[in-house]
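Look at the two complexes coming up: subunit A is in both, with subunit B in one and subunit C in the other.
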Partner chain A sequence: MSENKQHIIIIGGGPAGLEAASKLGSAGYRVTLFEKEEQTGGKLRTWYKLYPGFRLAEEVQDFLANEIKINVPEIFSNAEVVNIIPDNKYHTVVLADGRSFIADAVLIATGFELFKGEKKEEYGYRIYDNVITSADLEKKLRLGQPLTTANGQTPARIGLIHCVGSRDKKVGNVYCSRLCCITGVKQAIEIKHHLPKAEVFNFYMDMRMFGQNFEELYIEAQQKWGITFIRGRVSEVAENIDGSLQLKAEDTLSGRPIKMNFDLVVLLVGMVPADRTEAIGKSANLGFTSGSFLASADAQIKPNETNTPGIFVTGTCKEPLSVGETLSDARSAAVRIISWLREKREIN
Partner chain B sequence: MKEWGYSILKGRQIDFENNDFSISRFVELHEPSFSWCIGCGSCTATCSAAKFTDFNPRKVNLLIQRGEIKGIEDEIAKCMLCGKCQLVCPRGINTRNVVQNIKRAISKSYAL
Partner chain C sequence: MVLEGKKRVWEDYQKEIANDHYFYVRSCIRQTFFPGSETTFLRIMKNDLGKDVFEDARHTTCTGIGYHTDIVPLETTMTVIARHFALMTEAGYVNIIPSCVTSFGLYTEVLETWKHFPEIEEKIREYLWKATKREFKIPENLVHTSDIIYKFRSQIKEKSKVSLINKRTGEPLKVVEHIGCHYSKMFPTSGVGGAEFPSVLTGMIESWGGSVIDYPERRHCCGFGFRQYLVMANRGYSVSNSKKKFESMRPFQPDFIVANCPGCSMFLDRWQYTIAELEGVTYDNRGMGIPVLTYEEMAGLVMGYSPWELGLQMHQVSVEQLLDKLGIKYDKEQKYRGAKGQKIGEPQKPQFLIV
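Presenting the complex of A and B:
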């Protein structure tokens, strides 16, 4: 059996890649996973708690690590894939160090990067010390650092800006990153957990509370935690002499411009495809979405297939997804790869 | 100066730092559902007063929360307390009690 085992290569060892690897491994396939970093786990390693239930990201990391222990795939870390050479029978995956590997099927799970906050210059990220991103806030919370302003003061008023790098043609991203809304609600509540006396304001264009218990968490943010939501896209952030920040927006529900002072501003940065996704996708002749994510062959019935047979996609290299959605998508990809490999074996 | 015919327009910007939140705080204390509004506009859509005047209960609620209370007494007087807004509010805001508390906050005998 082991001699003629079909071989699957997975590119990317984040939640999507790990979950698909363990599912394919438990189904008896030979699985090789390439991770560009030292450790697997992806962005989950940098996040503190997950919405909507505030469970520790670490618990999901442990779940994935345990699964991998049971269904041992071959994992190569510090292994950056540069391209795929597709062929009718076998696909070749080439690493940055020149090594190449052959597989019956390839699953791309290269994930996402966060939008670089400094590209939205008018918000002053990396210009003003008291402007941070949602990822910076997660890091502080995960490391147990106190939530303070740059000079160590306890912030009395904190603002969260939604849609940074999303739904914005000016930065080239017309799509919605979906998850920043609920992240904004979650982080606003977490700020209140740590600083009950702080005033917290979220500036949003729409609140897209699509997931299970998301709207409930939004209601909780207003009713239990007293968080204020102001509808309007922030136009600019400017620094006052004392280091606090003046923020300008239109309060669109009153039809009037508004200016307010904040001690700390958090940018809810959107998701963009990981750097190497474009090159890998092009090498395998794959299609792309308007946001340069990898396109599925069909949104409804072929979510994990591409227009190149034997090359599959899963997770946030396709579209912005939550951790739960990513794991579901990875399982869906695993099931489809298994059925596709069976068909392939029968044909040969 | 009077003959000159020019004056400086007062800005339309909501100046949050210098606004008056006394009514907002009073209403929130006595009727917490005041701040649960998501601005859907159902209240204004069904409001009998809004049908015939420029009264806008959604906007009145919002402006008080932003500390913009100029002319609030005349505005809130347009409400007839019919309670239709309360029947349609998707967030379950006790709108009639909100209006009553706005009036209490305005009247000197009750204010803070």
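Presenting the complex of A and C:
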């Protein structure tokens, strides 16, 4: 089998799947990409601006779409993969409609879902009208909707709650979703862009500002925009008679319990593996992390390999990653798949 | 407020509640606090619903108060509870229904402990055998008595004579529901509706025509807190917790409060008198306070029982304002008379709270 005839199937058409597909396509491989939705792009399509530079998510989306247009002719949308049948030579990928496809290598890029805010019952999401999630806020911003309370008033005080569904044993997620901290900073600033007079408070456990210019943005949020950061987990949110929200927390720096009223509360929901990831992973005999993400064969030296030869993982199906990190990881996966296919061809 | 959201939560917290044949274990304090409540439960269950409810006079305290104040060691508490299970087993029952929320919480805690640490269960079985020569089976169904009333709320509705509707306005009465912390805060899956949006009392209120107030401090402790009220020096904490709740519910102008815990019913009622005496404040518009009922008393009123047979004259906050709204006729002369018509004495009139 000549190199350019080797076939790679990619499961998932979000940023990771698209970027890996275009890189593998441009290297001359036959690439088939299955996307369960009507359109590719994943969660990126639902986001407005990206941290730390506030670039439009749409720009990255366009970049990926252009790349893929040139390099990958075989994209199946509305194509849900249900399992993988691994084999020594070729792997079979089975779709929900019963069709199956054979490939030399399979790259899983099934991405993530957002933690369902209503699982943190004490915050009253989908019960209290003025409790929304970071995804809801992003949608409002993307659609150019005004930032108002449920009854159309301009909110004077807005609270953002970090770590909703992350680092939380109570909901079964002990891992850190990593990106909620910087998302909280970004969204707090965006709120101030729209509502300069609003008071904005972030309730956090730790501010994990690991990325390039993240710390700078965090400082800017405080110094330039006057956003208040309170270290302390919120214990509950309740609704006042006028629909505003009473929030209870502990300020762990001052060692005091606090009770404040807010007009709008935003839950910074974490990342959880996409629903279908578990079934696909199990069918291919893959390992899982404690957070039920797909496990790499080795976190340092084999980040995109799995314990099943020929099956690779990339992006947020294996851990919470930013868009930038996801694209880098996808390129890393593409490089490793190319070298692995060369090794395979040489052995054969 | 999106009711559908609450209903979604409620769906996640439904539990099995046995349909009949119950071994009933009374509370050690409720008969003093609310002397008609447990009798009313038995009356509804046996006379109105035709259920088999058995109780054994040899049943004792569960030691809950002693346990939660660090006076009684856990092993002793477990052995006492094991003895209750033995009484149930000897009587041929498998469904146990404690009247007290703290007992229910403690029974649940003990069973959970044994599930995870079977060696502790074995040890307790040994203690019980050495002390009493008794053996027991694990109950097949453990629920609180408020769960039972919740289960049969529709049957009670069918037989009811009174609805939770203001006769003067035709509007549903606005009710504050309060579940005891030990009902589901320790084990959310043990309570109907869970811990954050419990539906055990809400289900009764709504079935019987009332509407529920969801006020900001709804989840807050009533103030009972064993260590808070048992130690006299700490009682300020107890009062301040209740006060926080009253202030939070005041804007909603509730018609009454209903609770399923002995301590909650007691302190939400009695502390209104205390706060009125201390600060000259009441939390209604007429200076009479907000009446507080147990769920059995509420069910009894709905069933058309006499308020004085229910023991409502033993409440600190007068219930007449509520009876008037419900359109329930009552004889003022009978309020402080016993079952045989004898005078039982009248309490002193408070300085501020209008009775």
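Keep this in mind: the second predicted complex is superposed on the first by the 343 of 348 C-alpha atoms of A that agree within 3 Å, B and C clash if a C-alpha of one lies under 4 Å from a C-alpha of the other, contacts with A are read in each partner's own complex, and residues count from 1 in each chain.
Criterion: contacts are C-beta pairs under 8 Å (C-beta built on N, C-alpha and C of every residue); 3 or more make two chains touch, one makes a residue touch a chain.
From a predicted model like this one, the values you see are computed outputs, not experimental measurements.
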Open item on the list: In the overlaid three-chain picture, which partner chain does A:Arg231 touch, first (subunit B) or second (subunit C), both, or neither?
Closed with: first
Task: Touched partner set for A:Gln223, first subunit B, second subunit C, both or neither - done: first
Task: subunit B versus subunit C as contact partner of A:Asn240, first or second or both or neither - done: second
- [ ] Using the touch definition from the top, say if A:Asn348 reaches subunit B (first), subunit C (second), both or neither.
- [x] neither
TODO: For A:Met260, select first, second, both or neither according to whether it touches subunit B, subunit C, the two together, or no partner.
DONE: first
Open item on the list: Just to be sure I read the superposition right, which of the two partners does A:Gln212 touch: subunit B = first, subunit C = second, or both, or neither?
Closed with: neither
Open item on the list: Applying the document's definition of touch, where does A:Ser339 land relative to subunit B and subunit C: first, second, both, or neither?
Closed with: neither
Open item on the list: So subunit A touches subunit B in one structure and subunit C in the other; where do those two contact lists coincide?
Closed with: none
Task: Partner subunit A, residues of subunit C touching it in the complex - done: 1-2, 4-6, 8-9, 194-197, 214-219, 251-252
Task: subunit A - residues contacting subunit C, complex - done: 118, 121-122, 124-129, 236, 238-241, 246
Task: Contacting residues of subunit B [partner subunit A, same complex] - done: 12-17, 32, 35-36, 38-39, 58-59, 62-63, 65-66, 68, 91
Open item on the list: Show me the residue ranges of subunit A that touch subunit B in the complex, using the header's touch definition.
Closed with: 207, 219, 222-223, 226, 228-229, 231, 251, 253-254, 256-261
